[in-house]
Amino acid sequence: MPQVPITMPQLGESMAEATIVSIKVKPGEKVSADQEIIEVETDKAVMGVTTPCAGEVAKIDAEVKGTYAVGAVLGYIEASEADAARFQKRAPQPPKGDVAKEIPGRETESDKAVKTQNGSGSHFQVDEADVMSMSAGSGRADQGAGLPVPASAKGAGYLSPRVRARMAELQLTQADLASIAGTGSAGRVTVKDLESFLSGIEGQPAEKPSAIRTGVADAMRRSWTRPLATVGLSVCLDPVLDDRKKRDPKPGPALYALRALALAIAEQPNAAARLIGGKAIRSESIDIGVAVEAGEGIMVPVIRNADKTSLADLTSRYTELVELARRRRISAEMTTGGIASVSNFGTFGLDWGTPIPLPDQTLLLGLGAGKKAPTWSEEKQQFIPATQAELTLSFDHRSLDGGGAGRLLKRVVELLASPAQL
Amino acid sequence: MSVTYLEAIREAQARLLREDERVFIYGQDIAGKFGGAFKATKGLAEQFPGRVLNTPISEDAMVGTAIGAAMEGMRPIVEMQFADFSSIALNQILNNAGTHYYRTSVPVPITVRLPSGGTKGSGPFHSQSMEGLYSHYPGLVVVTPATVEDAYTMLIDAVQIDDPVVYCEHKYLYYHLKAEALPDDKLPIGKARIVRPGRDLSIVTYSAMVHEALGVANELSPDGWEVEVVDLRSVKPLDTDTVLASVARTGKLLCVGEAFPWGGVTAEVVARVASEGFHLLDAAPARVNAKDTPIPYHPNLWSEHRPNKSSIAAKARQILAE
Amino acid sequence: MLETAERGASSSTKAPPHERYLEAFRWMLTARVLEEKLASLYRGGMIVGGVYLGRGQEAISAACGMFLDKSKGDLFAPLIRDQAGRSAFGEPLLDVVRTYLGSAKGPMRGRDGNIHRGRPREGQLAMISHLGAMISVLVGRLMAKRMRGEKGFVGLTTIGEGGMQTGATHEGMNIAAVEQVPLVVVATNNHYAYSTPNDREFACAALVDRAKAYGYEGATVDGTDLAACLDVIGGAVKRARAGRPPQLVVAEILRLAGHGEHDDASYVAPEIKKESFAQDALQRAEKLILDEGLLGREGLQQMRAQIAAEVDAAVATAQQEDAPHASEEDWSALSTRELADQFA
């Protein structure tokens, strides 16, 4: 009886391969058409592979936990002549996941073997020996092809040498070109697009930004090359405000937050790691910056070893730094080396924001304005007035996921509930 | 009154023979009433007895003899019957004429005329464009006039130059190109000419392909494209400054040559622009050349072998769309 | 008649076999001494590139140079084994050693070396390595002289039996006859083209037969016999000068050195060294001079010592001169500097 192959289906548009979770049949078992016989897992979901037709399982080549490209032969079903004939007419497409075949020079040895032995490229009529070479070779994604090679390097983000040179001359960055809809191929910005954009802004009121503004702009542009995300959580500030009254000097709420963040990071140091190349790089000390508005821009002086410094010491150090910042006496060394920062955007009366972490930092804790709001008290079983503020944590999504960021933020909120211990 | 490209070459030689007693012309079938395979010397032998001389079919010896005469202070012009046959004289041109000044401080002012380029039905051995090959070797000036005016003034200049000049005259232009009169003024050898100004694409070319390029520029004009056409005029020396200035205006370069595609003039232009004017380029520079086969005989094949309006226009549109 | 009368008159000392015999011998000896010095410098590592000797060919070569007269506008296009002829034509020893030793003051200024040297403006052409290429160049110079109305000049070029087989030689010899220029071609069959013997070089009975084919007047000569060389080559120069057709002289010798000093010539068959054409022309002339009493042993030694001193002086001068410096080179192959292509 003829054999019909069971192939790894295309279970999603972007799916290239899948891993076998379980195999529900054994050779010799009778199967009906469309029966789920193999469970596979992609990066998105677990799904079932069904039989192409009724018959008897002739053999299963796939192994549990093995990863196979779309189109790979997982096994064979002995089918009726009629079913087999039907499948021969609609022979399986050349495996889509097997990109190698579409790229000259990317053919694997096993691909060549298949072509030689089975001129049609169909996996249908292969004999026993071929089946072995198939399942052992080209079917396994981990031994399979590389990525597709783009036909050209052009695209919307492509900058020609001319455009690059002109931008360098005018000290433009790619961010400055964001508003230009390119007319070139694939929407690239041509030198003509750039020139007409430049002539368009000519004559508009313009002034030279301050050095600090330029510096911030550069830092933000560089930082924005990363996938940044923000999570938020409400915090009750009353314990902090009560604690503050007892202290001298009196720390601001942002300093409580900074101290809490330092302690939380000390417990979860990976959360502040920077991802560079294949390495997650952690700092030796927990140094945290605090954003201070100074003139036209923002300066972020860094408080060293914030996890090992008492809130009282933090406060006096902070006061010193703020004074230096306002007098523009902050040295470069005082603003570098931080692993996270705190931004008290609440001082601008804002509730919420998605501030951007500095380019060399993974985390930024934002503190919104405190507001009296009715808050449900479980203890009293009634709404009571409480000072609520929104706490946000912006992070580099490459280093940290929403869950990890959430856990860190929750820990900060917990620590702020017992401010006396900070 | 009008004058063709071929007549301009003949008139230039007549003037040279008339005004400069050092000049004589040496080549096959150029004397007598016959006046050359293309009639570039017709009437000159009778007008200037003893100074337009037929030679045996000996390209090597023709050039060798000219070299010797040039050492003695003469200004010989050698007519190759076809550029293709100058391969027989390669040794004399490249190794003797091209090295002589450098080796001995004695320059060799010869002018070798090469009836170049393809015409219908001429086939593999009567159609070649050899300017790239000669330009590759040091010690030679290589000129490729594309107009009646340049054909005239550049031949006169070539003979005045104290170094060997390979003068590539295009056979297709002999009869097809006409001007009102011979020119009064001239652009010196070594300077390219902007034949048609534009701002979207520079087509850099020379010889007969200048006219194909102009045709393409006209064809693209109704679509709003302004194509600049640069006529190199001399391929060695190559006027890199004018080419770079053109690319600075347009940001895009297409280089067209009738010679074979491996290396050559178009590759040299692209290489120079890529290395000296990379910052000027808004698209990858491109070339259109003949195909990498011998030049076919049949017109159907020949017209596709060489660059033509449609192949140049297709490449131009591709670059313009970048 | 006059010559006979003169010979008869000088009865006390024997008359030389040619009136310029001793002069010719001196050029032969000059070449031999100079080339021995060059070979020694080469073996001492003082010369970069090749050294090519004319050992065995001195009689022919001296005769080639001696009958040319710069004052008459004569031209000489020598090849690689023509030191005797070059010297006889007037090439200073300093030109030779400066070129071989790479002095910046040499005629080629380090841009070309060894036997490629020449002074084209003074009538001595600078050969290229491609054999036969200089024949038509010489034809062109002779034609140009005629066009300018000069008279009484002659051009002589040399070639070997190897070089005679190139297309350029054929074209050049033919065009000389077509143009009827006053040309002498002296072809020396030294029996080897580098290592290739005659039987793989040509198949005609005698190379001189080509004279007839090209419309030349032809003659052969024993290249080991100085007097014969002077007679035959001198005669050919005289005939060419007198307006006869181009002249072809074919001389026969054995090359008594390698192709160059890098070559031990181990391929030369032992039998061929016993042939009469394998004699050393210099030794033969020396013997004749002693036998005929043209000069005594002392006189010969004195001559040799004098030449050696001249050669040593030239070498000493050239060795003290600067080599060319790449930083001072202007790297232009064109005399018209403004037409030199500019490469970034």
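Order of writing sets the chain letters: A, B and C. Residues in each chain are counted from 1.
As a working rule, contacts are C-beta pairs under 8 Å (C-beta built on N, C-alpha and C of every residue); 3 or more make two chains touch, one makes a residue touch a chain.
As the structure is a prediction and not an experimental result, all values here were calculated from the model.
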| item | value |
| --- | --- |
| Partner chains shared by chain B and chain C (touch criterion as defined above) | none |
| By mean Cα position, the chain sitting nearest the middle | B |
| Most contacted chain pair (by C-beta pair count) | B-C |
| Farthest chain (mean CA position) relative to chain B | A |
| Chain B and chain C, separation of their C-alpha mean positions in angstrom | 41 |
| Computed distance of Cα centres, chain C from chain A, in Å | 84 |
| Whole-Å separation of chain centres (CA-atom averages), chain A against chain B | 60 |
| Partner chain A, residues of chain B touching it in the complex | 251, 278-283, 321-322 |
| Residue numbers on chain C that touch chain B, as the complex places them | 107-109, 111-112, 116, 118-121, 125-126, 128-130, 133-145, 147-148, 167-168, 171-172, 174-175, 178-179, 332-336, 338-342, 344 |
| List of chain B residues in touch with chain C within their complex | 24, 50, 55-56, 58-74, 76, 88, 91-92, 95-96, 98-107, 138-139, 141, 161-163, 189-190, 236-238, 240, 272, 275-276 |
| In the complex, chain A residues that touch chain B | 154, 160-165, 184-185, 188, 190-192 |
